[in-house]
Structure formats: C-alpha cells, structure tokens
Amino acid sequence: MVDLDKLRTVAKETVSRDDVKYLIGWSQGTFGFRVSPHFVKEPEEVDSLTFSPLCCNNLATYLTLTEKNPVPRGEEADTRKVALMVKGCDSRAVVQQLVEHGVGRDQVYIIGCPCEGVVDVKKVEKKFGELLEPVQASWENGKVSFQLPGGQVESLPREEVLAQNCLTCRYPNPVVSDILLWDEVEVKGNDDYEDVKELESKSSQDKWAYWQDKFTSCIRCYSCRNVCPLCYCEDCILDRLNPTWVFRSTNVAENTAFQMARAFHLAGRCIECGECERVCPVDIPLMKINRKLYKEVHEKYEFEPGLDPETKPFQASYRPDDKEDFIL
Amino acid sequence: MEHLKLSKDKLGDFVAKLGDKEVLVPQKEGEALKFVPLTGDSVPELDYANTSVPPKNAVFPQTETMLRFEWGKMETTAVTGEAKEKVFFGVRPCDARAKVIVDKLFTWDEKDPYYVEKREKSTVVGLACAEPCSNCFCTSVGGGPASTEGLDVLLTDLGESYLVQPLTDEGQSLCQAASDDLEKAAEGDVQAAEKVHQEAEKKISRQIDTGGIPEGLPGLWENELWEKVSQSCLGCGICTYLCPTCHCFDMQDEVEGFDGRRCRTWDSCMFSEYTMHASGHNPRPTRRERTRNRINHKYSYFVDKFDVIACVGCGRCISLCPVNIDILDILSKVKEAL
Amino acid sequence: MNNKPKIGVYVCHCGINIAKTVGVDSVTEYAAQLPNVKVARNYSYMCSDPGQLLVKEDIKNEGLNRIVVSACSPRMHEATFRKTLVEAGLNPYYLEMANIREQCSWVHEDENEATEKAKKLVASAVVKARLLEPLEEKEVEVEPATLVIGGGIAGIQAALDIADAGFQVYMVEKTPSVGGTMARLDKTFPTLDCSACILTPKMVDVASHPNIELMTYSQVEEITGYVGNFDVKVRKKARYVDVDKCTGCGICAEECRLKNRVPSEFEEGMGKRSAIYMPFPQAVPAKFTVDPERCIYLTRGKCGESPKCVDACPSQAVDFEQEDEFVDVRVGAVIVATGFDVFDASRKPEYGYQDYDNVLTALEMERLVSASGPTGGKIVLGEGDDAYTPKEIAFIKCVGSRDESVGNEYCSRVCCMYTAKLAHLVHEKIPDANVRIYYMDVRAFGKGFEEFYDRVRREGIRYIRGNPSEIFKRGDKLVIKAEDTLKAMPLEDEVDMVVLAVGLEPRRDSREIIDLLRLSQSGDRFYMEAHPKLAPVDTATDGVYLAGCAQGPKDIPDTVAQAKGAASSALILLSSGRVKVQAQVSVVNEETCRGCTYCVEICPYGAIEMVEVNQMGHQVSVARVNEVLCKGCGACVAGCFSGSIQQKSFKDGQILPQLAVLGVM
Amino acid sequence: MSDKFEPNIVAFLCNWCSYAGADLAGTSRIQYPPNLHIVRVMCTGRVNPLFVVNAFQQGADGVLVSGCHPGDCHYMEGNYYARRRFTLIRELLEYVGVDPKRFHMSWVSASEGAKWKDVVEEVVENAKAAGPFDQFRRNKINW
C-alpha cells in the first residue's frame, strides 16, 4: 500500500546525504490530472513529493537527458549520485541504461515504488473533461478513486482509466532498487500482444493504409524521442545533415523513415513504459510499433530487455542457432 | 456593418456557398483536432474547445518548397504564385489574433512572398468562444473570447442559430455571396451574443498580470528560476510547433538524384541544433538557456520590436507539454523575481 | 591543391568482354556529364600499361584527384589501379571501381539493358568517388618467424626453405612423427624411387635444423592477432615419455602387455603395434609415445603391479605423471600444410570393401608392397598357413572421386598414376599374376607420366575401360560385374584380389583450422585459396598461406612446388620485416559517442576498447579503435545507433548517395 | 512486353562471398535479369538495416542483402549480426505494410555462381509481383 510519509522521510534522508546531488520524484501538477517531475535539492522541498496513479512520467529519462554544461576552469565536475524514484517499468529503463553504460550503477540511487498501474490522462479527461483545479487520485483495492474539485469522490474500475500497457504490465515491481518504499504488489497483467496480432493479421494494403494515415499527421516534434529513457544519443542521426538519413521536411516518406528508425533502434531495448505514445500530440499509436518488435524479440529470441543488468545488449549479441525463416 | 443571423440547419449551404475556395474546418484526425480541407458536402461540426494543431499550418506550412533546381542548369525556379484561395471556418479569436501578430514579423523589413501570398488569399471566419478551456488566459494578453482582431467574420453561437458579424469588406462580400441563407439579426440576438461573450470572459479563470514583464525580463538573465523551471523540460518541439504565434523556420536543400529543392521547414528554439554553430559551439547548450530564450522572445524581444506580446494565451503549450511545464507558472515566478 | 573533387572516369572495353554488350561510348558520354566529372574516356584495356598511362597523364595534366575505373571486378584489379594512382602521386584510396564486366556485360546479353545498367553502376561509383577520403596504410613490424601447421612433405619442404633462409620456424604436427602420408608410401611414380629414401633425409633435416623448433604430437589451440603478429598457443599433448631420456630402443614396446595387439594407424590397421609405440621405424623424432586410449594403465588406472614399460625402460623415460603442455609463440606468418584424408571405401558399399578382406584400398596395398610393411613387401592374402599369393588382381579407379553421389565431384589427380605404379609393383613381385585395371579415363598429365603409363601397359597390365558396378563373392573368388565399354561387352571377372584406387578428401577435422584462421572452403570443401590462378598459395586472411593437399588433391611434385611457393610468400613478409595493414578501418567520433560499448561487444577481433576522455571538464568513457587490430568488416558501424563509429571508404555518408543514384535513375 | 513493370532492385553484397559469387556467375557467363544493382560492402555486418528503409525511400522496388553462409564469414560473426538485424527490420517492414516480397536476404558463397542466378531471379520475380514501390517513396510530386 502506498505510504506517502515513508516516501517523504526516505526522500528527506536521501537528499540530505552528501553523496546525492538531487532527487527526482513526482509532484502534483499545475492543473487537472497533471503530475510533473520534481527535482528536489533541499530537504524542505520533499513535502510536495507524491506517488499516485497520476504519476505516469518515466523519470529514468532524466538520468541520460541532463546535458553536461562545460565545467568552469578550476572547478571539479559534480559527480555526486542522482536519486531517482522508479515504478516497475521505470526501473527496467534504468536496468537497460546500466546494460548500455548510459549511466553507472554507482551514479544512481534508486528508490523503488511498486505500482498498481498509472492513469491514461486522455481516457480520464474524456470522462471528466479538462479540469483546472489539481485532482488527487489513489488506488483503492483494485479501483482508482479521484478527489474531484468540489469535494466529490469518484472511483472507477482499473480497466476504464489505466493506460493500456499498465493493464498488460507483467513487471509492476521495481526490478532493481536500493530501497523499496512499500511491499511488492501482485502481478495482475498478462500480455498476449492482442493489439499487435490484430494488426499483423491484416493485409499489406490495410496495414499501410493504417500507418500512412498515422505517419502523415506526424509533425516531427521529437517528443516521442526525447521522452524515451533509451533514446539519449548526443546527436541523433535523424537530426544530422551530414549524412542526411531523413530530410527535415514532414511528409509520409520522411516521417515513416523516422518512425521506423526510432522503432528499430529500440528493438530489444524498449521496456514498454508507454511514454512515447502518451506524449505524442497527434496521437500516433507508437506503442503498437514498439510492441511488435518487443514481441518478435521475446518470441523469436526469448529475450526481454531491462531485467538483468549483466546481460549483453540484444543487438550486440547473437547465437549461431538464431532462427532464420526467410533467408534464401 | 450590421449584424446578420444564420440558423444552424443552414450552416451546410452557407459553407457550400463559399464558392471554389478551399474551406478548412476543424476535424478530428485520430485523437488530434486540426484544420483540414472540408471534403464533399459534409457539414463542419463546431462543438470543440480548440484544435491541438493551430490553423497557422495553412499559411505558414510546416514544409514549403521555396525553389527548385536541377543539375547542370544554373537558374532556379522559384515556387510562388501557387497559393489557393482559402477560407478558415471556425477559427477561435486567439488563433486569429495570432495570425495578426505573426503577420507583423513576415511583413517587417522584408516582405516574405510565400507567407504574404497565402495570407492575402485567406479569409478567416471566426467562432467566438462560449466554453473556454481550463488553460485559456487570452484576456491577460490583450485578447478575449470574442476579440475580432484578424477576423473577417465573427460567428457567435446563440443556441440554434449563429449571430454573424461581418467585420471587413472581405467578410462583407462573403456574407453577400451567401445572403439568402442569412437574415437580419434582431436587436435581441445582438444582446444575446453580447451576454455569451461576457459569460465566456468570466469563465476564464487563469490570469497573469503581464505588467512589468517585458521590461523586467532581460534583467533576470542569470536568475536561478530558469534552472528550476526548465529542469524537467525534454527539449521537444511541442510547445513551439503547436504555438500559433511561433514562426521560426529552418531552410534545407533537399536533393533527390540529380535535382532538388530548397524548402522551408518549421524549427524550434527548444532544439539544441537550433543554435548549434558549425564549429560545434552552442551558445544555448542546455535547456535552461533555451527556455529562458523562449519566454524572453515572446514576452520581451517581440514586445520591443512590435510592442505586442507574441502570445495569445491559447493554453496549448500548457495542456500539451508532456512534463507539465506551465508558462503561467513560469511567468508568475518571473513576476516574483522582478 | 584544394580538395574540390575533379573526377576522371575511365570505361574499359576489356577487348570485347565489355564492349560486346555494353555501349562503352554512350556510357562515357553519360559519365562526362555527371557531377564533378572533368574527364571521361574509354579504352580497350585499362589494366594494360597504356591504359594505366592514360590515367597517370590525366592526373598530371588535368589535376584529377578522384579516379573511377569502370571495368572488371575490383577483386581483380583494384590493387593494380591503386598502384597506378600511387605512381601518379595520388592517394590510392581516391579510387572507385564500377564492375561492368562480371556483374554487367557478361551476365546481360541485351545491349541496351546492359548499357543502361552500366551507366547506373558508373553513376553510383562517381557519386561515391566524390566523397572518398585519402587513407594511410599503417605499417607494422613483422615477427621474423613462421608457424607451419602439419608435418607432411608440404610442411617439411616449406619449413626447410624458410629455415634455410635464416628465419625461425615452429612446426606443429598432430601425430607423434613427421612424414605424413608420403612416409607410408612404398615407391613414388613415375620414377619409382623409394618414398622413404627421398623423404627420411628431409625429416631428419627438419628435426636437426637449428632454425626449426619441431613440436610433434601437438596441435594449435588458438591463434589471435594479425599479419606479422600472430600469437599462437600450441598444446603439446602428453606422450607420457620423457623425450630427452628416451633413446628409441623399443624395449618398452617389447615388454608392453598389449605387445603387437593394437592395430597400427601407420599400417592402415593391417600391422600391429603395442600401446607404447613408435609409428614407423624411420619416425622422426625417434621417440616412443603411449597411446592414451589403449594403454591399460591410463584407461584402467592400473597395469599389474606396476606398468611393465616403466620397469623395463633402461633410462626411466616413461612418466605417467606427464600433462599436456602449452607453448606460446609469436610468428609473422602461418603456413597451413595439414594434408588430406583418404576416401573411406566403405562409403561405396557396392565394392564390398567392408565385407571382403581381399578388397583393399590403395593405401593398404601400399603398406602390403612396402618392404617395411606388415608382410615385408610380399603380396599375400589370408593369415598364417593358409596365406596365398593372389594370381588374379584387379584395380578399380575413381573410387570416391569424380562421383557426385559421395559429394566428391573433383578428380583426385593422383590415383591414375599410383594405380599404374602399384600395378607395375604387383607385376614385378608376382610375374605370372594377371593384373587388370578398370578405368574411366587415364590422366597421365605430368612429366614422365605418359611414358610410365606406356611402359606399364607394355608389361601386360590390361586396361579395361568400364566402371564396375558391383563386387560379390563366389566361392573363395571375388566377382567383378562390369562392362568393357570399348568392346561394349558386359563381363563378370573372377579375381583373387581387388584394389580400390581411393581418392583424396579434405581432413575430417578441417573445421578446426577454419575456425582458428578464418579460412573459407571452396566448393570441394578443401581450404580456399585467394585466387585459383593468380594467388594459389595465399588465403583471404593476410599472412596465412596454403601448401599441399590442404588446398586440393595434388601429387608430390606439385605439393613440393606449392610448399616452396608458400615459403617464398611467407619470406616476402619476413624479409621485409614490415607489412602494410588494412587501411579501410573504423574510426570513432568521440564527441557523439555515448559510450554504450555496443561496438566493443560486436567486434570479433577485440579491436575496440573504452577509454576515459575529458570532455569540457567531464570524465566521459568513449570507444576507440586500435587501427592495427581492426580488419575493416564494419559490423560495429551498423551496430552503432548514433552513427559515431564509421568505416573509412564505407561511411554511411558514402553509401547513402549511392542508394540515391541507384534508386532515382 | 515493353510496358511490363521492370523493378529497380538495390543489393548489398559482401565482398568475400556473395560479391565473389556474383563475379563467378559472370566468369561462367550465367545470364540473369539486369534489374539488380550491387553495392559492395566488406561484410553483411556492415549493412545498416536503415539502408533498406532508405533504399525504398530513394526509389528501390526491392532490396537484397546477400553474404556468406553462417560460419563462413570472413570476419567470423558479421553475418550472424546481420541475420538478427534483418530478421527484425523485415518484421518491421512487413508490419508497416511493405510487401514482404520486396526485401530478401540470402547466403551465397564465393563458389555458388549458379545459386546467385537463382537468387537474383527470385528477387526480381518477387519484386515484379509486388509492383512499383510508392508507399513511402520520396517522390518529387509533393515538392
């Protein structure tokens, strides 16, 4: 069961350690169902930290997103740890970053928060409309209850409000953590890739019609790439001009190439946190692409990323008896 | 110009009468609402708060060919004169104001032929806001749910009919073309519309007093508020690409085999490549500088040049930001630090 | 000289090979108007001296700085034209070739199809040429030593040549003695000189040569490194005999409880040996070895009170505590002389080799006729008192060669002549024997071969043209069912003895050497030479050479010639002391590298390591390529998501424009 | 026959096996359709799967990647990595709606000139059946 007092006391101790630079957690957003990532440097700031079904951000992205400012002459680079609160999927992102040396195990202090699934803001805003006053939410034995403005409490079944990948989530408990805030939750989800299979069964024309419509509306704002904890190249090849892989212009040809490159670069790496789909302003079902490759890697190679920090990266390893069903 | 009335069931014929012009209406594509050409004789439904993609895309397209060239031939063929007559139907007043603001830039010291040509060929039919979104704050930046700036005609929803206010002679000629669907508005209709506008204005609860911000902002250059507000920023392009007043663009030469084109594409000051120098040095290396620049440009530099804040308070950047960075929260912190 | 690309395009006619189907003039015209092309010519033979002169003149007069040669395959003449560029003072890597012969004119008859395709291939080459960068071939020291794998005549000859040239040689032989298959032959065709007489002196030379370190009863465990600097790990298998003490007296073999009860491999199983043995009398080194699979003490842990060989040995040389020893050596070149296996005749069941004792393979026959063989050279069949000398003897040729059903389509080159030799020896030892040879063809192609073949026929040995279909027993005689195709007469031939002229096959364990040295196999599964005509002793791996039957069936004269060839190739390396190393290696852009170590995991040669770098005050770990270890495969480049590691001459920026040109035209 | 669609195919061949196999088909004068244009790389491990997407974008109707049989790679492991990468990109291409007949991978060794001909014919045949590729091709129309 979520224990906010323990969360805040642990946060306070962590931030006041001298080997911790700052702690990243969630705090109530500025309006409606929003929650925003919160960087806590001083112990007093911990009180605004929270953990609720609204905390959908995968904070692991900040471990690799922080740009390194040039260190002024004479000063030392600040190599203290970063403390991070992680849900089940977030911790898998951290594991994958450890596998790829995106971050060192000694550079991050992981605070695990077993999670019973986060809310899909679009689903909820469709039900309650885009509210202004901040809303509180919490898990109540299998349901999610919302304290709406005006004191009214509304509790809805998980299936109606949770994000799609939370309903099928098999790793709600953090895979790696230095400290676990409360006891682990029972695994409810099971994933049989229904959405992927349903699209796979369609004909080539139908599939292309489906994706063509989606990719045409892509405005290449790169929020899907920048929110992803595993897309952290200094200078993404899709932005680069020499060589130019993808033109800057937005049309179905360049957008498809961009989305396929992003999906391929996540093959055997994506841990299905669902952030890319959440942030897309034009609602492209990006998880549907990632989950296709996740399914292939899982079924064909019995490999799931982000579970064991010691494994070799999937795309940097092979087995001589890998399947080859289409090679002439 | 005197007011007219259009009953809702005549909306379809009114739109059909807009002649051979291409009519752009707000329509859903997936979950996202954006301005797309009306197809066939379908009637635009107008019960929406605001489109997630602003109408700027039609006059300042995300990708626009400026000129074409071929291997071996020394001259290039400019791509102008291809703009088509367009009618924006159901534009919110804030988006219309945004066009006026952006016009100032594109007709500043150098008339931008591509933009100006499209702007002259477009007529804007606005729809006053009856139900503003939770993040709207147009009244704080000189706009309003029924402001008429940049509009040719303003419609106000009166229940089963619309009050039609032609505002410019463009709007006037438009209404003449569809005169048989319109009837003279009664005095009561005008008061009813007036009441709708006042109520809408009251519903806008988010405010910010922008007094002192344009002059004070440059002084906060090294203030630590920028660090605090930009820490969780992802550096993506949502708040700029979906902002009706953002107008930055990048020019690219795209070659295909032995011929190519120079095209203009949107760019965002929140991307690091935006200010990346050829030498690799970047004057705005981290998101702190970029966020600071974005706010300063809209609320200070633009005001110095054109004495209008380059923000119409549409609230898109607030509701669509993936990590809930709220421009009003930033501005309130700026006010404190002034 | 500013580096703005000025390209020269040269379209080759290759006589009519290209010009017959590709319109060379229209291709040249087309090339002339491509981007940055300053000069476009076509010429009948670009690889000829006048052809190369054309290029050199243009580089001088027109100031060309990129050259596109559209002619044959770069695998053929890339090196030639690189030399041309160097002679004209241009960096050799400013060259790009378009393959409009093997992959265009020779495979597409329709003229305009071939011409259109040639244009596209030229355009693709021109677009890449524009973006080529100059590369420097690094030079590395060469370790003045050679590793010879295999102690047969090929290995011995190569080792002696190199050692005589004054360089250190390490020879590794898997069996207890050098000599290989040749040591098991009696006489050698066509001169009939005794095999042991011409081989034993060379074996002794190998053992005693100051520059040769001989490691018999050993095998190569691991080879790493690159041309000029191979680090070799050799496993010296435990002999359980101290070679320094052993005098080769043989008392231990006499005393051994399994005295003469173990089938001798040297005698093809016909002779016997003890569990502690020396393969054959003239073995070098003349030392004894304990057979670990047969020795009672080693297999059961106890041999009576104490092993009889230990007690009997006058110099206490037998030592069952001995263990495998590992030796590390560093060499500049490797010569593979691992020889061949004889075709297993039981894979042709119709000849009854596995059923009847008097159906022998040619190698068994060699041991039979050999004076040092199990029967002291007498051709006898049967055991003890019912042994008899056969009268009717038949040879059958092409057993396991030129035969797709057993997967050996090739001709083993040696069977025709050794069959004639064996037939002659039989005739000599049993004057009144009737010898006949069933054959499809007689290939007596070498020096003195045809004369020897005539002489054998004149001695009354009958050649019957027809491949027997089956052999079965009737009474105590063998019946060969065959057809004399010249007389078109089917016949059943009763004989006492049949000798099968078995062919040569690649070693069963050739896979080990392939994995060690990254060799590839040609269609017949022998090791593949770099080029069958122009580079028969080289392999695809620099610094590794082939000698003898490892590269394909051949007789002793060819083997020795090839061994001397391999030795001279290795000596080129050793004598120059320096060698140029692959220039098209990978390089890392340390600014955009995010240190994910994918490339380090992917690199098969361990050529990439992570290094700590200070970037604007931050300690960052990035990848760095060791340009000497990198072989230039590029697997790391496609594995790098941020495109930070690129392979020179095959950069993403050089390949993508090719796709543009090939796509759009 | 003339208006019959002639596919334009881009092929990435590894220098040591398939390129040599194609050369062998040449020296043995084995005839095969001319639709296929070869880009030489040192190893299939070098071929970035995004080249395939880029080739389709830039006008290819079919793409082939051909290299050494597993175990024969001159650089030991290149083709193993290629096999895994191209299995994934093929699944992705098919999932996005690109006809699987457009992308092929093959193992052709230096001695398999005849097999090279069969591979080319099959690839060309399949591409012809799939028809011109225009799904996400960079066409100049919308410039």
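As written, the chains take the letters A, B, C and D, and residue 1 is the first residue of each chain.
Note that a residue touches a chain if its C-beta (ideal position, glycine included) is under 8 Å from a C-beta of that chain, and two chains touch if they have at least 3 such contacts.
Given the structure is predicted, the values throughout are model-derived calculations rather than measurements.
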Chain whose Cα mean lies nearest the overall Cα mean: D
Winner on C-beta contact pairs when C-D is weighed against A-C: C-D
Centroid comparison with chain B (C-alpha atoms), farthest chain: C
Cα-centroid distance, chain C relative to chain D, in whole angstrom: 31
Centroid spacing, where centroids are CA-atom means, of chain A and chain C in whole angstrom: 55
Rounded Å distance, chain B centre to chain C centre (Cα mean): 74
Centroid distance [mean C-alpha coordinates] between chain D and chain B, Å: 47
Junction residues of chain B - those touching two or more other chains: 256-257, 263
Interface hub residues of chain D, defined as touching at least two other chains: 49, 54, 57-59, 77, 81, 85, 138
Multi-chain contact residues (two or more partners), chain C: 591, 602, 639, 652, 656, 660, 663-664
List of chain A residues in touch with chain B within their complex: 29-32, 34-39, 57, 61-62, 65, 67, 69-70, 122, 130-132, 213-214, 217, 219-223, 225-227, 239, 241, 247-251, 275, 278-279, 281-284
Chain A-touching residues of chain D, taken from the complex the two chains share: 49-50, 53-54, 57, 70-71, 77, 80-81, 83-85, 87-100, 104-107, 118-119, 122, 135-139, 142
Residues of chain D defined as touching chain C within the complex: 8, 10, 15-17, 19-20, 22-27, 29-34, 37-43, 45-49, 51, 54-55, 57-60, 68, 72, 74-78, 81-82, 85, 109-112
Complex interface listing, chain A residues touching chain D: 196, 199-200, 204-212, 215, 245, 247, 251-254, 256-257, 260-261, 263-264, 267-268, 289, 292-293, 296-297, 300-301, 315, 318-320, 322-324, 326-328
Interface residues, chain A side, partner chain C - complex: 68, 70-72, 75, 77, 79, 100-102, 232-237, 240, 242-245, 265, 312-313, 315-317
